[in-house]
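Two complexes follow with chain A in common, the first pairing it with chain B and the second with chain C.
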Partner chain A sequence: MTRKTFLTENRSIFWFLLALAVFTLVVTVLSTGAGTGAISTSFVKTLGRTLCLMLVAVAMDVVWGYTGILSLGHMAFFGLGGYMIGMWLMYARTEIIVAESLAAAAIPPTPQEIHDAVGTQIFGVVGASEFPAIWFFASSFWAQMALVVLVPGILALVFGWLAFRSRVTGVYLSILTQAMTLALSLYLFQNDSGLRGNNGLSGLQNLPGLDAVPQSLVSIWFFWGSAAALAAGYLLFAWVVSGKMGSVIRGIRDNESRVRFLGYHVESYKLFVFTLTGIVAGIAGALYYPQAGIINPNEIAPIASIYLAVWVAIGGRGRLYGAAIGAGVVSLLSSWFTSGGAPDIPLGFYTIQWTDWWLVLLGVSFVAVTLLAPKGIGGLFDLMGRTHPVMPARVGGYGPDKGARRKSEGEEEK
Partner chain B sequence: MSTLLEMSGVSVSFDGFKAINNLSFQIGEPELRAIIGPNGAGKTTFMDIITGKTRPDEGRVIYGERSYSLLKMSESDIARAGVGRKFQKPTVFEAQSVRENLAMALKNKRSPFDVLLYRKNSEGAARIESIAEEIGLTAELARPAGELSHGQKQWLEIGMLLAQAPRLLLVDEPAAGMTPAEREHTTDLLRRAAEKHAVVVVEHDMEFVRRLNCKVTVLHEGSVLAEGSLDHVTSDSQVIDVYLGR
Partner chain C sequence: MPRVLPIVFALVLCACAALPGTGRAQQDDAASDLQSILQTHAEEVADPGRRTVGAVIDDLVASGLPSAATFLERWADREVYLNTEDGRFYYAEDEGETYALTNIATGEPAGSAPEDAVEEIRPNGGVRRVIGSALVQFQLSDPDPAVRSDALDALARRPNAEQLAPLRNSIEGEQDPAIRARKERLAAILSARFADSTEDRIEAISSLASGLSLEARASLSQILETQQRVAESLPEDANIATELEPGSDALPAAEAYARLVDEGLAPAAQSREEIKAALTANLADGRVGGVPVGQLGTEAGRARAYAALAEAGTVPPLVTDESRAEALASHVFYLEYDEPDPAITDAARTALDEVETRVFLNQMADLGLDALSLASIYFLAAIGLAITFGVMGVINMAHGEFIMMGAYTGYVVQQIIPDYTMSLIVALPLAFAVTFGAGVALERLVIRWLYHRPLETLLATFGISIMLQQLAKNIFGTQARPLTSPGWLDGAWVVNDVIAISNIRIAIFVLALIFLALILFVLNRTRLGLEVRAVTQNPGMAGSMGINPDRINMLTFGLGSGIAGIAGVAIGLYAQVTSEMGANYIVQSFMTVVVGGVGNVWGTLAGATLIGVLQKGIEWFNPSNTLAAQTYMILFVIFFIQFRPKGIVALKGRAAGD
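Let's look at the complex of A and B:
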């Protein structure tokens, strides 16, 4: 008997990582920064951002597809991760620019003068010049990197603790998560929130001290970073949902109270999954926004988290690669349609412009997938895989809970 | 035989309807006890109170040597303290294999981090094998539990109860949907469990209760109507009036 290892038991992980490696290699070879130049720098950035969205979708699948918590607030954690890295990027780069301009003055500036000048530069746009308390760590790269993990993690922990402890489930929990992301985004829209209100943080594509490095190369670095994060995150979540942990969280999804009567403290499990996925979402956001160049409170509007759920649903919930593929395909299609890539369709009396009609198309596909192909895009892999035994139709779903898996969603990867 | 569970003066009402009315009950370890009573007598509510699903309005529920009050504990704490329950309607995890169902129930540490770092071991596998053999599902270990027949699900549910290695087993209608041979096997299994632990069986089927050959408690309108041997309670005039006579 051959020894069973984590990878041999989960073949889909191997194939996913292989596909990701090949994709990374091909993009690198064709890129402007490190290869032939067939792919433009801006498209490398789009692809890098897509990898980050795939990572947050995988996290979403763990929290929704596996644990049955339909969180419609995970993009808040994603955005917070972006804000945290954005604060350091903006501070460090402004500091260099300010120091350069002040160096020409007759009297060399004191550190306090430089700090104040940075404040004026950053907050002039919202009519302030003082650094708010939340920028205390912005001058330290490592402290701010720690906040990328801590801020989303602590928000998820506190929110989850309050919500799960009161046994809020199902649609009520979804509404609560929407309220959380809406409240956060409204708060950040205020000019005195300390994060530049609706202007957000900008110029994030410029790495401090690396002005000499062309964007074509920076974009490839971030692309690699995003690919590595996706691979690591995928492995982490594949490990979490395999084995006994996976068994318990899928049990919670299908029949929460039964898991309780087996002696598992359901709330702790939900909190664990919610917080872990929140942290990974934060890391994904920290890689996304330097590639986008700008972050503003609109990014964490409730609709963003709803899109996330739509990607996972279209990709196929309950299998990690499905979520990743769904996010990749839908977000790339979305940027193709909305950036004028798709040709308009003249109907004579009316011209379909995809920038307007893309959302309609997305909505229709979402409804179609939910009704006609609940397994999503990921379900296509069942067709070429091993044949499944025909199950007797004894029950319609796998459990009494609202989020329980339905028979029509097929077998999930374990 | 020492007392394992003691309920005294427990009452609970739902919207004014008294489901349990000043109920007192105790069971020792080891002991086998059957609970009978007409529909609506409060049998399921009785189990809900012990397992923490329903909080009584008044009364005390004391468990174990150290006399813990179960009323202050959550469902999962109570289960970890050694109270196992088999539901009337089999509730197994249908999307998961029989082996996974048993592995989840297997007595082990239950915190998220313990479970995350849990590694399959030969000891656990051997326990699962022996339970599967006991419940006759050895050949079905790899199949999803959703594919099992109703009777097999019943057995799986009993297997999950055994895997938890509880001290107090609450068994709701174990014989429903079983063949006569399977009923005999169930009786045998429950009697064996009761050699070491406390077993409470709720059952409608008088033949089944007779085979258990144990002390019987009759519930009616949320309180104990009679208690004693089956012959004793079936000759009780009140019992005949409210239950057997109908």
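Let's look at the complex of A and C:
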């Protein structure tokens, strides 16, 4: 009998990290910045962004697939992380540019003058020049880095505390998280929100002080960073959902009342998972938006969070690798179809242009997956060999709750 | 004269043909009358003076001749000429050597006269003003109500002191009650500002306090207009509105100091840019006032350099914060009324306060109507959702797209049936039928397989929703399509200057009421309603009683979707039809259902009312920012759920499902 360890219990960790490492290596070798140049810089950025989306999808799987909370707000945490990093990037870079132009004057500029000029530069577009209070830390890299974690974390904590303590569950909770997302995006759309309204923050792809470094190299750095974050996030969440902690949160999903009667403080577990995944989503966003170059309130709109749930469902809930694969496959396919990469299909009487029909295809395939293949893409791995070391034959669903795992979704990863 | 003869001849012919017997006699009469009045006062007409002209005008007005008004007008415009040959007055036009004359009474050509025989009459400015107000009086007494109304409009736009007397005079003879009331109001407004005695003005001002028209409010605030002034100490004799504290919201310190500078009471403060410019100008050998340039990158270094320059006398001394505070403290700032008499401004202030209180109350009533109309829209949009959610525990994310489908149905019907009323009558049931069918299809194909899995249903219906949205975009394009309302729905119901509501909104309100009644009837009085309620409360027990829950679910889903279609037509009438219109309402509909409580029509009604009132209320506090209104409303809903997690009207007992 082999000894049970964290890694032998979670075989997917090994395979996932191996695949990720190979993928990173291949992309690095083929990239423009560090290899042969077979992959363009913009595609490296797309791949790097996809890795960030995979990370937030893994977080979403923990909160939905394992804990049974269908959160429609995790892309808001993702966007907040992006805003926090964006504030520093924008401030620091504008400061360098402004300092250069002011240095040309006969008299050296005072720090206050530079600060004011940066304010005029950044907020001129919304007709303001004063720095709002929320930009207080923008000049400090480390403070803003801390905010990447703190802002989504505290929002998730406060919101989760309010929602869980009043025992809002199921569909109500989903609608409530969606309302939170909508409120946040509407707030950010205002010009006087202090974050440049619908202009958002831009020019984030330029790292301050690194103008000499070509974008091809910056893109591969961010790609590595995203891959490392995904690997770390995967390990973290695999650890969270395994062991006793994992059993409790899965119990909450399948039969919340019973877990409560057994003496566990259900609300604390939910709050922990909700906040932790919110923080990871924020970090993923902080890695995503420097690669995207721009962030605006549209990115936080409720639809983004719904897409996140769709990726996880298509990939297969309750399997961390499933969520990651779902996010990767659907977002890459989506950019392939919508960028006009897919060939049109002439039907004689009508030509199907994928830019117009991709969303229809996505909607139909999503409904089809929900109805016909609840295991999602991840279920394909069950076809390969033995599904699990010791798998008892299960009779019926996993629990009486409406969000409980169904038998048709297959055995989950533990 | 030879040229004139044929014209005269032709004229005579025309006149004979057109005006037989009596008509002609009358016209001659009138002509002689106007001319004879003028002849009586020939001297005053020919050389009018401000004092003497009154008699002429009085006679002209008294005659009541329609041609008198025209005469006054042209007189003021310097188009009246005296023909010295016959001593009569004509309108004339310069034709080089001669003037073409026109009879002042009939407006017909009256021959011509040599240049030196006619004399242009040039009333001076004062006379023209007298004539002008006399003209107003003519217009105010014109037999045509439209002319009188126009004259009043002109008066209200540019009120001045001269018009008061003629306006008052015209009230007596006014027959039309509406115009008479308007005249009285205007007379009050004018006398509030221009009457001669203080008593008259105060009386007029207090009579304005009972109205709420924009005109009255404007005239009161004009009386209360103030000028901001500054002095060493408060003047004794001035009519002072209020004293201003520098540094308060009404008068920021910077603005107050700028005012002192404008008045020459204090030296201008140097801004950071000015200091920098002064330093730059005095830069020499890498030093400014003995301070090396390298040290000028700090505020302290700059202050030192500037102080050195000021001491050398090259720049004016720095105005420090202390000296600014001192200057502000040694002066008083106050608002002074333009109107010198405090009795009048006090009366106007009281009147305006009274009017504003009434305006505020009316605005509240108007806001209430707006909120009610918004609530009825939310009710229509959400009731279908509430029914399906209540009965089946299913959230239908495609509900918004059913609204859109209904609106597009209305649009397509309008393309086929051009008559707007007819097309609306066809579109309403058709929209119901189309979305009913779509709802039943959705239930049969998707939702049936996902019972007891509400989260999956939510996502699956979301898939349907993006599919339908994209399909609508592919079929109808991305631009907004108009759904034109019939003519009888245009316009608005105007109660007074403040309260008004458009007819479409009234119609939607009525539609919502009809649906409320209809749904209550179906649920409480029909077999279907009984079965629906049974399935809502306990599907298993309902099944054992012989009710087919499957069929009920299908019909309920169809009904909910059908109502969404009708809501779509209603919303399309006042908003534009786009593929995204449903998405704009879906979140509000969810809020309505969640706040109201599930599975109860009254709950949805309460939820819709709360959300509508709340949204309008928040918008009222911050009218420029509807985004903020929505944000705060959502935050409110999130907090509301803390206290009533099951909504306003919560089901109790086993039906609640816990």
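Miscellaneous remarks
FYI, the second predicted complex is superposed on the first by the 400 of 414 C-alpha atoms of A that agree within 3 Å, B and C clash if a C-alpha of one lies under 4 Å from a C-alpha of the other, contacts with A are read in each partner's own complex, and residues count from 1 in each chain.
What we mean here is this: a residue touches a chain if its C-beta (ideal position, glycine included) is under 8 Å from a C-beta of that chain, and two chains touch if they have at least 3 such contacts.
Since the structure is predicted, the reported quantities are computational estimates derived from the model, not experimental observations.
With the C-alpha superposition on chain A as described, chain C and chain B fit side by side in the combined arrangement.
By the document's definition of touching, of the two partners only chain B reaches A:G399; chain C does not. Note on chain A: of its two partners chain C and chain B, the one contacting more of its residues is C. Once chain A of one complex is fitted onto chain A of the other, the partner contacts of A:G251 are limited to chain B, with no touch recorded for chain C.
Contacts of A:Y91 after superposition on the shared chain: neither chain B nor chain C is touched.
Centred on chain A, the angle reaching out to chain B and chain C in the chain A superposition, using CA centres, is 100 degrees in steps of 10. In the superposed pair of complexes, A:L262 makes contact with chain B only, with no contact to chain C. Judged by the touch definition given at the top, the superposed model places A:L176 against chain C, while chain B stays out of reach. By the document's definition of touching, of the two partners only chain C reaches A:S166; chain B does not. Taking every C-alpha atom of chain B against every C-alpha atom of chain C, the smallest gap after superposition is 6 Å.
Interface residues of chain A facing chain C in the complex, by the touch rule stated above, are 70, 105-113, 159, 162-163, 166-168, 170-172, 174-176, 178-180, 182-183, 186-187, 189-190, 302, 306, 309-310, 313, 356-360, 362-364, 366-367, 370-371, 402-403, 406.
Partner chain A is touched in their complex by these residues of chain C: 272, 276, 279-280, 283, 288, 293-294, 296-299, 302, 389, 393, 395, 446, 449-450, 452-456, 458-460, 462-471, 473-474, 587, 590-591, 594, 625, 627-628, 630-631, 634-635, 637-639, 641-643, 645.
Across the interface of their complex, chain A is touched by residues 51, 53, 74-77, 79-80, 85, 87, 91, 93-96, 100, 103-105, 110-113, 115-116, 118, 120, 144, 146-147, 160, 164 of chain B. Those residues of chain A whose C-beta lies close enough to touch chain B in the complex are 240, 243-245, 247-248, 250-251, 254-255, 257-266, 268-269, 272, 389, 391-392, 394-395, 398-400, 405, 407, 411-412.
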